[in-house]
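In what comes next, chain A is part of two complexes: it sits with chain B in the first one and with chain C in the second one.
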Partner chain A sequence: MHNKNKRILPFLYLLPTAILLLVFMIIPIIYTFYLSFFDWNLIAPTKEFVGFKNYIDVFIDPINQKVILNTIIYIVFLIILNFLIPYFISLIVKFFINKMQKTYKILFFIPSLFSLVVGAMIFTWMLNPVSGPIAFILKNIGISMPNWSNSGILAITVICFITNWKVFGYNFILLLTGLGSIPQNIIDAAKIDRIPKWRLIFNVVLPMNRGISVYVLILTIVQGLQYVFTPINVITTGGPYYGSSNMIYQTYLNAFVLYKTGTSSALAIVTFIIFLILLFIEIRFVEGRSDKYV
Partner chain B sequence: MFDKGKINYWHLLLILVVLIAILPILFMVSNSFKTLRDSYNTMLSLIPLRPTLNNYLMLNRQVNLLTLTWNTFLMAAIVTIGKLLTGLLTAYAFRSYRFKGKMFVYLIFVSTIFVPFTIIMIPNYLVIAKLNLLNNVLGVALPQLCDATGIMIFLKTMEKIPNTLIDAAKVDNIPNRKIFFNIVIPILKPSIVSVGAIFFINSWNEYVWPTLILKDKASFTLPLALQNYISSEGGTNFPLAMALSTIMVILPLIIYLIFQKYILNSISTSGLK
Partner chain C sequence: MKSSKIKKIFLILGILSLAVVFTGCGKKTSASSVKHITYWHVNAQTQGGATVDELVKKFNSTHKNIKVTAKYNPDMYKGLMQNLQSAQASGKVPDVVQVGWAYDNYFASNFKYLTPTDAAKNFDGNSKFIDSSFTKKTLSFAKDSNGKLVGLPYSLSTPVLFINKDILNKYGVQENSLTTWEGVKEASKRIYDQSGKYGLYIQEPGDTWAQQAIMLSNGAKIQKNGKADFASSNGVNAYKYYQEMVSEKLALHTPWAQGIDSFVKGDVAMAFTTIAQASHIKESASFNAAAIVAPHFKEYKTVVPVGGSMLAITAQDSEQQKAAWKFEKWMYSAESAVTWSKGTGYLPATQAALKSNDFKDYTNANPMLKPAVKTLDNAVPWTSFPKKGLQAEQTMIDARDKILSGSDISSTLKAAQDKINAQQE
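And then the complex of A and B:
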């Protein structure tokens, strides 16, 4: 009796999570996969089987092609803004200053407390090309501000910058922590040998910090593409003419605005496959060593 | 050490970063106390020329702040408690038992971080609609009651509990339930507090999933109500929107100020996102 209990117990502890995952994640993924082979509008009683048509649409429809290209632009901008810049700043805080590290940490994190809706509103006001404070300052020194919401690439830049405002502190702290786990004696030894700091960073610190930086880099892409949904929806709703939409936003538009669940589901599946490839990379680099659960 | 007596110019760059982070927030608060005209005429000044509470009063007339705050709080509280409970139970199962397929189950849990919400939104929307939970914060909360990052953090903290402590309790024939509640939970208190705080703040600010489920204004949460103040309904009243934004951030800010040390430490130890 006692022995039997012991066998069942772990599954009892796992049960709530397992049920939730099954009902709200695993079955939905399978159902979305199923929907991706049909034409449907979320309401009609019947679905029409169309085979791979929705997938072909994802790649040959000019709007979707534009959106895929935008997604790549988003990824590049997100890597620069939400990964490289926080990484650079964390290196400075770690190796180039001796005081105030904690103060910077506390202050950098504050925007994380804000909703992206708030961030989107404040920055739309600050960057308003006609009546915003930055346009005002620029006008006084003789520069006119471009109407960024009319240009896809400028809108993408602003949208990425807004998410950067929010997640910068988070990523900064993660990367700084990674740097903190590098043994101090290695750094001290380099100092004694008068090895220049930048060489220490490039030859020792960056390679040693590879695990956590790959983790942050991949999360930056996976979560960043989803974070930008909010400023896109609040500021541009994907415009001008899908110029600031990405695959995540386009999936939403197809499902809940255009009522094309088939196209939406195919886009979602393609996004998921891209994320799974990133997950695979993450496991190779980061979780790879946690074989303790085998 | 080398910089003693000299000004370290790197601080200038870091202060610039602080300004980019903080200035928008100061403008938010400042505008919420400005008249509509002053918010345009004196847009560069952080101190309102004629400070006014009118925006807050007008906001209070236009929306039901109490209901909005309650909806947001209820949703965030349910999500937080759900995620903490499932996270603790799951982590404990991983910490204390050996069973077949453990690695596989663990990898499934971890990989849920990489599931884009777009792939589950249509089916979950249909389920919530079937359950008649549209326009209900329960419908927002229900699909998000478990979270892989929570599981990972709790597991990392639990692994630091020495085996001898738990074995001793087992030798004394203390039931598992008691080991969990009287030994494991108290040790985990700091990470429960910090993870809970972050879950709560994130859920409080959540936007995407609530916009799909909550269409009726009476069921709105604060971020959704704020979005209503954007142009589509004819001309943005910026000071009014900033008043609502300021109200919205009060609770997360209080939580952060109280638990700041825990929160920052917990991000450090775990990579919570």
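And then the complex of A and C:
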């Protein structure tokens, strides 16, 4: 009896999570995969089977090609703004500034508490190229502000800055905490050996903090691409001519604005596979770490 | 990380299950003689939601056997349509819904609904209500591509040209020169040359409503016999005007919110946008703002597509349909319709409301509405293609964005027209 309980209990404990995962994650993913082979408008009683046409469209359609390229640009920008810069600043705060560490933490963290919609609206107002306060200041020193919403690359930059405003503090704190968990005795030992600070950072600190940094890196990409959705939706709706759209916004546009569930599902599955690869990399690095340093 | 996520999920589940319990309770009580009907609308608190609540409350207090519950659907007609899809999938549909014109054909071919014609026949025995309340023209707005009446026109809007009188006066622009687009261009040039300010902003939301108005007012047709027909020389010339205005920096090319913001702050002299913006402009502008009738090109008349929505009956049960019809008729009474118009900034759709003293007093107090009412006589139904209409609209948006970023007009419009027509086969 006791033994039997022991065998069943773990499964019972897992059950609530398993059901939730099944209902909200696994079944929808399977259903999305199924829908990606059909032409359907979300409500019609009949679905027309089209085979791989939707997948071929994802790669052949010039608009989708543009969107995939934009997605890569977004990833590069997000890595720079939301990963490299916070990392750099957390290193400075940790190793070069001794006072007010807590104050910085709080200051940087405040924007994370605001909704992105609010952020997006404030930024549209501030960055209005004709009537915004920044345009006004620039005008007074004789510079005319470019109309950024008419240029894909500028729109992407502005949208990335808005998400940067939102996630910078969170990523910064994660990285700083990671740096804080490196054993002090190793750092002290390096100091006694008079190893220069930059070598200490490159040869000791960065490798030891790899787990957290890869985690933040993946978060930056996966979460970042979802975060940029809000400003895209509020400010540019993907424009000018899909110049600021990315794969996630395009998935939404196809599904819930144009009611093309087939194309949308195919896009979603392709995005899902890309994220899966990223997750695989994360597991390799983050989980790999524990064998090395224990 | 993970445990907080799970907590969140449990919290959401808890709320969901509570909601299920409560809706379950609601069902039980409705078994008595009181008919419960639900009305889905898109009016947020800032866009007349309070007026909807007020009207529903008034209806409920005067009709003991019917209880209406109003439900707000976020994200306008698009959001309502999404919710209606899931409602249909779950089999629990609302009874009365607001449908935007752009969704006319999509709604008609995918949802089960009771046409107003049938409702009048079944419950009144005659079509007197429909015939006496609406003009033939107004009714034509609510017909699908087969000519069937889908719902009854509820809120109407037309584009108008909002003007900043202070700027116009300062640079010597006569208001009566702005009746044609050519005049608007001349005025914009004069303003730009003297002040560096933009002359005009034309709204660029997620539809091409305003752009269609410009093409229509140059004698172009958007569709002909169910096929796209806007790549005609008249259509091309209308867009050529627009593209030149943008490339010569006479017109501002920017998303909607920013464009209106710039007009309200006095950086753009004129804004071509929907009358529904009137109250926002009146409240926010620090200058002397006014509205005039939508311009037209020389040699052509002003023609604009109508905006707004209709009310459609989605109730399935005959008793529910009867109650829904009663509610609809009450909503169209002159008094309710004018209250609605005041709360939302839309124009009322019925003759009785438009001609009522109450509405006349209201337009006298808000003269911006007058040109919009006048334009109603020149309004045509918003183009809704029989098949894949939403994709057709997106194709037209894409063409607009391409042209404004400098693409060749006639080939872009031709490609868009061909793409839409290929989907109509």
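Keep this in mind: the second predicted complex is superposed on the first by the 281 of 294 C-alpha atoms of A that agree within 3 Å, B and C clash if a C-alpha of one lies under 4 Å from a C-alpha of the other, contacts with A are read in each partner's own complex, and residues count from 1 in each chain.
To be clear about the criterion, a contact is a pair of C-beta atoms (placed from the backbone, for glycine too) under 8 Å apart; a residue touches a chain by one contact, two chains touch by 3 or more.
All of these numbers come straight from a predicted model, not from anything done at the bench.
Trainee: Which of the two partners, first being chain B and second being chain C, lies in contact with A:L116: first, second, both, or neither?
Mentor: It touches chain B, and chain C stays clear.
Trainee: Look at A:L278 in the shared chain and tell me whether it touches chain B only, chain C only, both, or neither; answer first, second, both or neither.
Mentor: Touch partner of A:L278: chain B, not chain C.
Trainee: Please work out whether A:L20 is in contact with chain B alone, chain C alone, both, or neither, and reply first, second, both or neither.
Mentor: Both chain B and chain C are touched by A:L20.
Trainee: Figure out whether A:F168 sits in contact with chain B (first) or chain C (second), or with both, or with neither.
Mentor: first
Trainee: Just chain B (first), just chain C (second), both, or neither: which does A:V130 touch?
Mentor: second
Trainee: Of the partners chain B and chain C, which touch A:I182 in the superposed model: first, second, both, neither?
Mentor: A:I182: touches no partner chain.
Trainee: Return the chain, chain B or chain C, that is in touch with more residues of chain A.
Mentor: For chain A, the partner with the higher number of touched residues is B.
Trainee: So, does A:L206 touch the first partner chain B, the second partner chain C, both, or neither?
Mentor: neither
Trainee: Please indicate which partner A:Y241 is in contact with in the superposed arrangement: first for chain B, second for chain C, both, or neither.
Mentor: Touch status of A:Y241: second partner only.
Trainee: Touching A:L154, do we find chain B (first), chain C (second), both, or neither?
Mentor: The answer is neither, since A:L154 touches no partner chain.
Trainee: Would you mind listing the overlap between the chain B footprint and the chain C footprint on chain A?
Mentor: Shared contact residues on chain A (touching chain B in one complex, chain C in the other): 17, 20, 24, 42, 125, 131, 256.
Trainee: Would you mind writing out the residues of chain A in touch with chain C in their complex?
Mentor: 17, 20, 24, 41-44, 63, 124-125, 128-131, 147, 149-150, 235-237, 239-242, 256-260
Trainee: Name, in rising order, each residue of chain A that touches chain B in their complex.
Mentor: Result: residues 6-7, 9-11, 13-14, 16-17, 20-21, 23-25, 27-29, 31-32, 35, 42, 89, 92-93, 96-98, 100, 104-119, 121-123, 125-126, 131-133, 136-137, 165, 168-170, 173-174, 176-177, 180, 212, 215-216, 219, 222-223, 225-226, 229-230, 233-234, 247-248, 251-252, 255-256, 261, 264-265, 267-269, 271-272, 275-276, 278-279, 282-283, 287, 291, 293-294 of chain A touch chain B.
Trainee: Please give the residue numbers of chain B that touch chain A in the complex, ascending.
Mentor: Residues 1, 3, 8, 10-11, 13-14, 17-18, 20-22, 24-25, 27-28, 31, 40, 43-44, 85-87, 89-90, 92-94, 96-97, 99, 102-103, 105-127, 142-146, 151, 176, 201, 204-205, 207-208, 211-212, 222-223, 226-227, 229-230, 238, 241-242, 245, 248-249, 252-253, 256, 260, 263-264, 267-269, 271, 273 of chain B touch chain A in their complex.
Trainee: Looking at the complex, which residues from chain C come into contact with chain A?
Mentor: Those in contact with chain A are residues 6, 9, 13, 78, 82, 85, 88-89, 106, 110-111, 198, 206, 252-255, 257-258, 261-262, 265, 267-268, 390-391, 394, 398, 401-402, 404-405.
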